[in-house]
Amino acid sequence: MATNVYMEALSPTMEEGRVVKWHKRDGDPVKTGDTLAEVETDKAVMDLVARADGVLRQVAAAEGQTVAVGSVVAVIAAPGEAVGAAPASAAPATSSGGGRRETGGVATAAAPSAPAPATVAQQARVKASPLAKRIAKDAGVDLKLVTGSGPGGRVVKRDLERTPVPAPATALPVADGSPPASRLPSPERPGVAYQDVPLTQIRKTIAKRLATSLGPIPHFFLTTEVDMERASEARDALNKQLGDQGKVSFNDIIIKATAHALTKHRACNAWFQEDHIRYWNEVHIGMAVAVEDGLITPVVRNADLKSLAGIGAEAKELAERARNRRLQPSEYTGATFSVSNLGMFDIDQFTAVINPPEAGIIAVGSIVQKPVVVEGQLTARRRMRITMSCDHRVIDGATGAAFLKTLKLMLENPLAMLL
Amino acid sequence: MATLTYRDALNQALREEMQRDPNVFLMGEEVGVYQGAYKVSRGLLEEFGPMRIVDTPIAELGFAGIGVGAAMGGLRPVIEFMTWNFAVLALDQIVNSASKILYESGGQIPIPIVFRGPNGAALQLGAQHSQAWDSWLSHIPGLKVVAPATPADAKGLLKSAIRDNNPVIVLEGEMLYNLKGEVPEGEHVVPIGRADIKRPGRDVTFVCHSKTVAVALKAAEQLAEHEGASAEVLDLRSLRPLDEEAILGSVARTNRAVVIEEGWPHAGIGAQVVDVIQREAFDQLDAPVLRVTQADVPMPYNKQLERLAKPSPDRIVAAARRVLYLD
Amino acid sequence: MATATAQTTNTPAQRELERRMLRQMLSIRRFEEKAAEAYALGKIGGFCHLYIGQEAVAVGSLAALRDDDYVISSYREHGQALARGVPANAIMAELFGKATGCSKGKGGSMHLFDVGRRFMGGHGIVGGHIPLAAGLGFAIRYKDGDQLCICYFGEAAVNIGAFHETLNMASVYKLPVIFVCENNRYGMGTAFERVAAVTDVVEHACSYDMAAELVNGMDVLAVYDATRRAAERARKGGRPTLLEVRTYRFMGHSMSDPLHGVYRTKEEVEEQRKRDPISQLAGKLKEEGALDEVGLDALDAEARAEAEEAVRFADQSPDPDAAELTTHVLAD
């Protein structure tokens, strides 16, 4: 009995995926867990994995083709099983790569025995309920790529909802939110991960009033200038000691210091959640990484518990995989606070935008030699500006300032992190 | 709150309005000495006398016309038809006189009259005694048409109808007269032209009125129990004018509608509701709007056949399942 | 049943009354003639039912009534409206469909209304207004008034159900209504004898235990006297009366109907014209020395001028505003 291979939701927000490369061809034997293809999602390139044993047949999406989540892209048949009429459409997009009837250079043998997808492709008019059309238009989804579950293939509201609809025969596997085994051994914190505290009256009032000003999240910004002399010295010394075993960067120090400071200022280590605030006991730092056509924020989990070296190695590896678009969803979600560093671009200071549902982010500028008055004497010091963006529904001025002060102290005197 | 039957709620409304305004009088067959064919006017002759509770011969056209003439002369008649089936005889006076005199005279002569009586089927009364005139009467500009489903609405709407300066049709129901329900104490007036959500819901709207409200409520219960879907039951209460805002508001929430009526399907009042929905809420609809009506046949006498002909909870649930794509 | 004829007294008051009646009949005659002309010119649309020949009925009966009595009629009601005092200008403007019409241009020839003069229409369904008349009578009784309601209809309406239902209830409830049957012998194109088992309309009254009189409708004073008797009966005892008033229309049923040739002969029409109520009254007045040719011409000239002024007024009046399409469907 043939099993459908669906374009799966490989990220929580994915609505369509582009087939980058097929690892298996029509007629290849496959086993559960084999990678069938690489698919580019809205965030990264992910593996589409076989969920049955058998022979791959009726590949319906060509390399380069974008199909909607929930579309059938192939079938895994039992060896020797004759597959007759193709399963309900993998409606190909007319715009990208593949063109209408062709299935690329792949599986030409499959084409004659798969009339249905072609028929669907040739349909000039998509049957969809007015509501579905409106939802699709608002979300920028091409209706031709959506399989309709209504009578006559009518696309209806539920077909456009995030979770792909289970087809009658087989249950569609839902994108699994839990993280795969993490790449690096990670210290675990005992006890409860977080507490939810309902909004008090004063918080409600602040939330309500401020939400009407600066867009959905009421940002405010605090800037402090940190003396990085001691941190620089410490870093140099450390790197000399480590030698070949790795390098610690300023960013690693900043991440570690930030995490540490957050443990002392839990009020800044929080998520805004409509009618309550989640104060995290765990500290997961998102570090902004520039990638080719955008920005992604891989997460250093439990950064407060990790060693500086550990953070350094992890950050480097995450950044590299981020640039190659090979991050797993669990690796770029779940931060409790974020750090964005444009120092390497010679930016003196900047304001970063908070990643919701987090309540804060710090923007780090470059370290520059500056004339500074220290104990009455003019001297040259290495200085760095940090600007903290705070969600005013969660963090007030004094709260943010207190955190920033602690962070500054730690950076100015790294040994303070050991306190 | 008092618990009253629908019949007694109407009785209270008549009594209160006649006490309030000496120009209000009731005219119809058996309304006086007999105490009302369905006892709606029980006790009124004793209280108000024969000039205000007027027994008539069997002459619907004649006494409907006398009512219109009396309204032209400054009174506020309530004309009772023993059933709306017999009012077909009086349609000339309702349609050609009552609804048009204000317009024809260029606004000079308003006709503040109420025509009321039981409408639609009861049990095994046969074809001529089981007809629902919702659609015919709602068709006419110059009339207002209301159809209360509960005792509270019956009292409130009859009072509004009597106070209205226009000809108002009140469609009651023999099967409703014994229905018990809570009626607010004191002055209780329900405005004409406003629907009422009898049961809030999320997944599908049942638009209904009069006897079909109870049927729709049962269907909603069944739907919740067996499918886990929640139906919103919207009681129109008023057929002309229709509360378009309420209809559209409900469909905006549920994206689906089933329109229920006890009349025949062809050009029934439900077709007007469907037009409103498709025209104004097109983009909200996830499915076509379906209707549940009486079968397109004269009402048969046999009990089982009659039950088949009428809207039932099962038929409503079946329509709901189709618009929910549960089939 | 004996035909009632006029009892006349030759007093100044009487002569004044007669002169007024003549003037009124002339008004109606000249107005209707102008209306026919306007209709032929396309200024009046739809139906136009002329009262020519029947003037004595409206004039004679309404002269016997009070201002606070109600008047209601069928679609052949121009005569009653004029005799009731509704201004000729307002009527002609209504026929032309203008905003200055007595029904604001929304009623037309068949729906003339003037509530201030208690002229309650102008109704298009044969016999449809007869129950309304009883309803007005009911309202009068309800309020213990001594007004009455006079109701005009043709003999063909006597066959419709509403007539019987109403006369029965008018008797049962003792309503102050005068039912005036203007028997002009033809229901549109059908002679009454062909469709009525009983051709003396007064005979119907006994079915309802109602008082009735047969009246010569070409004699305005006979109509006047019969109406006075009926009015007294209504005011004193609240009892209704059926008056069968025999008259004749010189024109067709409506402007779309031929004068003669289809259902009545030219000779018949010409024979009836000799009984023209206007000529009869004018003749009588001349005999009594109450009016001479000059005087008659003067009255006629006034009537003609009034009719012409009505046409001029109607011509120059504006059409109703487009917004009037949707007003007065419902009262506030």
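By letter and in written order, the chains are A, B and C; residue numbering begins at 1 in each of them.
Methods note: a residue touches a chain if its C-beta (ideal position, glycine included) is under 8 Å from a C-beta of that chain, and two chains touch if they have at least 3 such contacts.
In this text, all values refer to a predicted model and were calculated from it rather than measured experimentally.
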* Pair of chains ranked first by number of touching C-beta pairs -> B-C
* To do: Please name the chain that ends up farthest from subunit A once chain centres are defined by their CA atoms averaged.
  => C
* **By mean Cα position, the chain sitting nearest the middle** => B
* Taking each chain's centre as the mean of its CA atoms, how far is subunit B from subunit C in angstrom? -> 41
* Between subunit A and subunit B, centroid-to-centroid distance (C-alpha), Å -> 58
* Please compute the C-alpha centroid of subunit A, do the same for subunit C, then give the distance between them in whole Å. => 91
* Structure fact -> Touching two or more other chains in subunit B are residues none
* How about subunit A: which of its residues touch subunit B in the complex? -> 129-134, 149-151, 156-158
* Asked: Inside the complex, what are the residues of subunit C that reach subunit B?
  -> 70, 72, 101-107, 111, 113-115, 120-125, 128-143, 149, 161-162, 164-166, 168-169, 172-173, 327-332
* Structure fact -> Interface with subunit C, subunit B side, in the complex: residues 25, 51, 54, 56-57, 59, 61-75, 77, 92-93, 96-97, 101-112, 141-142, 144, 165-166
* Across the complex, what residues on subunit B touch subunit A? -> 255, 282-287, 325
